[in-house]
Each structure stands twice: as structure tokens, then as C-alpha cells.
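Labels run A, B, C and D following the written order; every chain starts at residue 1.
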């Protein structure tokens, strides 16, 4: 159950997979994303509500052929330049996109976690998202006749999340802003969780989400594995690193240098605080 | 916001209302149910997943003209005799029933809390519930063509729940088995919460559900207000009282004596432990 | 036949417990199923992952709960989730290996009635109703039923289908979109019934020690087929009995 | 015209803050909306109930978050709920009084674009996308937009409707089933635009001190109607400015 990160990625993530690395600003599985880049995975369909700089990096490294998302940006800073470059110039490879709203994506995961083929919501009506995404349809309420938006369930081949702790059996505990992680894990065929630490007993914490070991395939211990995002109770968000990414991501050359440095560094676990 | 129970019931519950007193074995708002009996409310549509002895009492007292539910019994003991008497002999008044499964009821509350007109689930298929309940229909998935069950949203006029604590602003905190209470409150037009105690600050507790004051209309302080069910961290379930109810509820005369004793006791709050 | 040092309820419970394999996830109904699951957990299946519909996942109560929501279930659970989650994220999503149900009536095709005896609109006996059972019967990978044998309970056709077993025979579950295998075993105080692989009709495949097949046929409201390969339940061990008794409080 | 002791961004923020009433629930976008909501909370609206889409309900951060999910938002919230809950139980259910949005482009009918500049399939500029905005614009009782004025941003017709304002005019929101009132005010660094009650077209109803209506018309990509009753924004008070500056770190 508990294995080094490179082994976990090798076992669970394959070329062509649909992969969700989830985390809503908090607990973003950055180290796992970097390992995916290092292993040179290709043709991934990347899924995430809020693709931020680690997705910019995955896209810039050529790992992805498709992105399914609802908001792609560098939070509080601006745009993702590798993402832009892929969409507008197909560099380094063409990137197909499927675009939703947050409410739509969240409900797609909920449907996926629930074993339902689709979800309904009040959403999308009147927007140009509808005409540009065949995965936004409508259903009619059989009681009131109202028309509602329908989106298909999202069931990634593999979901990757970062959490504060796991126990030795692989039960996982996270808290703070817990976002969509529970649903993303439950919706997936396979789940990889990187954690700050492994403990003997998961003492209950207010606001916790517990992912029972039976829905987790592999746990890897990666202290600092969410940096430059943060792990509530462990370290803070490195806002400066997010700002600094803007310059790195902005041109292909500086990104190339960043990428070379990453792939030249064989990593089983990453030191705390390393994010870029 | 914080008022005596009799006043809260008088303000929020009216003849003919659809009323949900929720609580899944734990934190059942028994004292509030007794106050509804005392005030002689009539023609209520009572809603609850698991109507148990307080619903038996409300039905026996003639408060209800309809029951919407998924499992009506005395948990671990047997049947509800007042409920049976109402259904099979219309005593003391006829009781219409609308019957669902737990999954259906839970999703009806979820839809109600979500502002959706209906919910979808994999359920009911092949059961005789379908033919006996016009509120069980089907929808077809617009992506896969699969047929799923559909149930209408449940939006009570008033939901009543019991919780461990509230603060002086009316923010409510409950923990332990939290059941369907959050959804039942969010689905309702009005909400009444009885609590064990009011505190200055709601210190976070693992597994807590917090109901922000803006979705709560009235809080009443009723220590022991969930007995003979229990309040996690305050008192245990009085299993003996559940067993004892069987004899009381079994015939109209012994029930009548119980009812007279209840209505003869003017109560603003009930002493801890009082349940029957 | 020697005098048994166990009761028919005890061998029913032990037999049901033996049907559960270690590390299975099990959706546990209150009463007989709960007793049996807890016996399994304390004997051969220490990794049994018990789920109660109140939302307690992976609970290991140190005594038998009276209700599906006793505090002891929450105190000892891996995690407690809200009721919609236990039904949507765990049961409906197909994560539960075995659903463990009781019944007031069961029929030849293992359809279950916990709603009414008699006519629905004008019932002779009003029962508690569906609870979680319809979706447990639909979505668990398999279902085990535990109930006492009598010809009033084992009927040709249930008065009301609360939860679908094998419908009216082969192919019905598939037609209805039910994804689990349905009831694979019915364990009673007399023996064990299992659906015929072809007809889906319940046949007697085992009897408890000292029980004759004819006695089971007599306690069954349809013309019960007896398997040519009728097993006799191994006697409860001392260890099993002592666990059952510690849980139920019997001497 | 005296020399103002405030910047155009500061008066924009203060004006936006003044639009929020005490005890309102407010769905707060990051950036300018977040600054304005926090100014309101620290001045005239101490009971403002701020919701961020990361699930933090009733949060009162002691400094401005950079993202919608900074730790400070969770630490100071009444409660933190999972993302599906904030969208389904709070936003979709119609519990939010005001949605506070930014935009890259806005048009004559207050439709909002945060998706692409140019053609969707072959965009000139790829923007971050929808996020929570389409449903914020649909379901909040009202919407306030805050953005800097320029003729590239204020266009006759947005390149992409990410979030519906007033569609193509009267009756469109009702036809689309959008339950909130939509944008009731657009606050910029030059002034305030509001939809005409009849035509639903944005008209200039206020200018900040020192700004001429013609300058606003020039910075607007359509033939902007100026209200006959044009207001001039009251100057920011010292108290307001000091709160803005303490939050943004400006001297």
C-alpha cells in the first residue's frame, strides 16, 4: 500500500489515461504531477476543476492531449502561459479542451462517485459553453416539466490527491479546504494519495475527510508534496512561488530550462517546500 | 432567535403544514414533537425517513393527516402500534401515506436543499413501491440512454431538528451520526432547532455539522430534548424506554393515559432524560 | 440425533456469520444480520468492513447496537458520513460486497416483503416498510437473507415486493437494471436455501443438524425443491457459540 | 477640480464596497471583488456574510487572500463545506444575496466573458474560463460586476458569453430560467453603469469625481447612454481609504 512515489506513479498511471490531480487551491498534488512529467507519460486526458501551475507544467512538458476543466489560471496572478501556448499554438503538442463551469465539474464528480451516469443542475443556460461542449445537455423534470442542465459522470482512470496524513493501513485523512477530493477519489478506478506523513493512528480532526483504505490503491509519503500550494496545519501557501511562475511559464525557453532541471533531478520524494 | 420551545412551535408550525422532525436514530427532536402534540396542531403532513415513537405519538394524538416516510418502526423493538392503528383502522383520524426507500427520501431532501425540482437515483426498479406512489417516476440519461428513478424534491414548510449546541447568534453545531439533518434544514422554508445548551463559542468538534444562523429561524434550549434517543457526548440512548413504549402504544387506552399525562403537563422545556 | 448444546437461532446466526468472508464490505441490517455480522467479525473475519445505513463506515461496535444508529457505531467507525453519502457514494456506487437483510416475507424467487401483509391499500398487518432494503438488494454485489422459517414467512408470492430478489425468474434482474447478483443465500433456523442457477428459484441446499428436509418443506409455503446434494451444516464450534452468547447476552 | 488624494482603483473599490449592505450574503470572486467585499466588511457592513467558492462560508479573513482557497479563509469561516455543497446547497438553492464578479469583457447587456478573446476554436487570447461565474450570475439574487473601464473590455457584444447578464434584452433571463435578477450594477474606475429598467441595456448612472461622462463614453465600445440624472460618486472617506490601503498594502 505505502510505496515510493515513482513506483506508485509507475503502477497506477499509464499513457493515454484520464487522470485527475485534484485540489482546490489547497493540497494540490504537485510532487505527483512532477513525477508524471519525469516518467514522460504521454497522451493523458488531464482533468481538474482548477488547473493551475502544475497543470501548466504537465501541459508544457507535453504529457497531455486533452484538458477537461472549469477554470485554468494562476490564482491571483493571471494566466497560464503554457496552457495558452498549447491552446493557441499547439505547442508542444495540440491540446484538446473540454470546458465546464465549476458547478458542472463538481456535479460530474458527484455523479461519478455516486455510480450515476449523469448529474443535473441549474446551470449553463444561455452561455456559449453549451454550443462548444457536447457534454452539456438537458433533461426535463418528470414532475414539473422544468428543463435542467445535464452533464455526464466523470470517472477518471486514476485520481491523485495530496493529504495531510495516512495510517499504516492506507486510511487517509485530510482537512481544511477539502474541495472535491473525496468525490474525485470515489469517482476514479484507481487512487494515488501522497501524504505529509504516516502515523499510527488518525486522531480525529475537526473538518476532516477520511478516505477509507479500500478506496485508496497506493499511498506515497511526500513531505511538502503540495508545495507551492499548502497543507493546512503543515505549511503555508507560497504565494511568491505562484507569482514567480508567471515569468518562468511565459516563454518556451525559460520553461525548457525549468523542465530540464526537473527531469535531471531523480526524485523519490521531494524536500519540503520545493514546488517549482 | 433563542426563544422558549412553546413560543418557537407556535411561531413556526401551523395547522396543515408539512413538517419534518428529522434525526436518524440520534438527536431526534422528541421534546419538540411533544410540544406539537400539546399545542393540538392538526392536519400536518409529517415527513421523516425513520418515523419512530415520537411519530407514533403524534399520529396517535391525531396531529397528522399524512405521513411521508421510508421506514416506520420502533428500532430494534418492532412495530409502531399507533401508526398501524391509523393505517389499518383510521384511528383517531385517517392517515394517508406516501412511501419511499431510504435512498429515495435522502435524495429528495438533497434535491430540496439544492434548489432542484427532483433527484435521480438507481432505485425502486421492480418494486411494488412504484405502482403505489405517483412520486416515483423515471428519467432517461441523455448521454447513455439508461433509465433511472426520479423523485421530487422535498421542501418541508418547517423542519425541526435537535442539536448539541448553538451559539448566541443561532449558529448550530451537531456531531456524531448526523444523518439527514443538514439537508432537511436546508430544504425547509423554516427551521426550528432545539439544543442541549447555548454556548459563547462553538469550538470545532470532529465530525461536526454546522448550520449557519441564517438558515435557522428559532433556537430553543431543551436539555434532554432528544431523549429517549440520544445526544452524542451528552447522554445515551434509553433503549429501555423504546422497549417500554411497545406496551404503551399497543392499545388505545394505555396510549390515552400517556397522552393525557403529556398534555396535562405544561412544558416550556423538558427535564433531561424525559422521553415518554 | 444427540441433544444439541445450541439453539436453532444460534446455528442460524453462526451459519450466516460463516457466509461472510474476511475483508468483505458488508451493509448490515439491524437485528439478526447485525448479530451475525458481528459474530463473523469476532471469529473468522476480523477484517470484515461493516457499514450501517446511519452512515457509520467500518464500524466495530463492542456490543450489539439496538438500532442502526446507536452511538457505539459512530464511536468505533473508521468514519461517519451523512446519510445521502452512505446511499449514494457507497451503496449505489457498487462498493459493497454483501448486503445482509432480514425479511417478514420471502417468496420462491427470493423477493422480499417488509411493507404490508395483505392488500397495500387496506393491509391486514402494516410492517415498517422499505428502509434501505430496495437499494441494498439492487446494488450490493450479493445479498444474504437471514430470517426464521415458517410457512407464513416463506410464501409462493410475497404480498408486496419491497425489495427485488430474482423477480419472476431468469433475466429479470438484468431487465430491471439491477447490478448486483441479488440473494445468493437465505439462512434460516432450519437450513440454507439458494437460488437454482438456471431457474433462480430457491432450493433447499442445506439443513442444520437434526433437521429433516421434509420439516423444511412443511415450513415453506411453496413446493420447495430439495437439492440432490443436500448439505448438513457443521455444528457451531465452542468458540462461535461463546461469541454469539457474549453478544446476545444468552447464558 | 481639486487633486484627489485617492486613485481611480481606490474609488472603484470603495464604490463597490458601498453597494454591499450589512448582513447580506455575498459570493466573492478573487481580486477586485474580494478587496471590495473585505472593505465593506470592515466599514459599514460588519455582518456581511462572505462566501468563497472554495467552500468557506461566513469567512472573515484578517488579510486579503491571493487565491479563493487560501488557508486564512478556512481558519476564519463559520464553517467550511465541500465544493459540491457550496455550489448546490448554497448557490444553486438561491441562498446568496449578491454575487460579486470580475470580467475580462462585458457587453451592452452586461453579459460577461472570461473565456476567450477572438474565436473559441482558434482564440487570440485564451482566458482562464468560467469557474463559478455562470451559476453565480444565474442564481444570486443580484450580481455586481467590478472591472476597469476600457473600450477593449466594454464591447458591443462579448466574444463569448461565459456568464449571462441580460442576454439580448428584456425577458431573456426569464426565458432562460435564470432565477436571480442578474447584474444590477457595474462599477469601474470611471463610474457606475446600471441596466435600464426597460431596455436592460447598461447606461451610465454615475461618474467618479473629476470624471466626465464623455470620457466614459469614449472608454466604452458601444454608444453608451448617459442617464439624465447622472450622479457623482461621493468621495472616499478617510476611514474607507485607510481600510483599502491596509488591505492592499498601499501607503
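Assume contacts are C-beta pairs under 8 Å (C-beta built on N, C-alpha and C of every residue); 3 or more make two chains touch, one makes a residue touch a chain.
Note that the structure is predicted; figures quoted are calculated from it, not measured.
Two chain pairs, A-C and B-C, are weighed by contacting C-beta pairs, with B-C ahead.
Centre-to-centre, using mean CA coordinates, chain A is 41 Å away from chain C.
Here the CA centre of chain C is 58 Å from the CA centre of chain D. Distance from the chain A centre to the chain D centre is 28 Å, each centre being the mean of its Cα atoms. Touching two or more other chains at once are residues 88, 92, 139 of chain D.
Counting partner chains per residue, chain B has residues 115-116, 121-122, 146, 182-183, 207 touching two or more of them.
Contact between chains, as defined at the top, is found for A-B, A-C, A-D, B-C, B-D. By the touch rule above, chain C contacts chain B in their complex via residues 30-31, 53-56, 65-71, 73-74, 80, 82-84, 87-88, 91-92, 115, 120, 122-135, 138-139, 160-164, 167, 172-173, 176-179.
Across the complex, chain D is touched by residues 113-116, 171, 182-183, 186, 210, 212, 214-215 of chain B.
Interface residues of chain C, counted against chain A in their complex, comprise 25, 49, 57-58, 78-79, 88-89, 92-95, 139. By the touch criterion given at the top, residues 115-118, 120-122, 135, 137-144, 146, 148, 150, 152, 204-208 of chain A touch chain B in their complex.
Those residues of chain A lying in contact with chain D across their complex are 24-26, 49-50, 69-73, 75-77, 79-80, 83-84, 87-88, 99-103, 106-107, 109-110, 121-129, 132, 146-147, 176-180, 182-183, 207, 209, 230, 232, 236-237, 239, 242.
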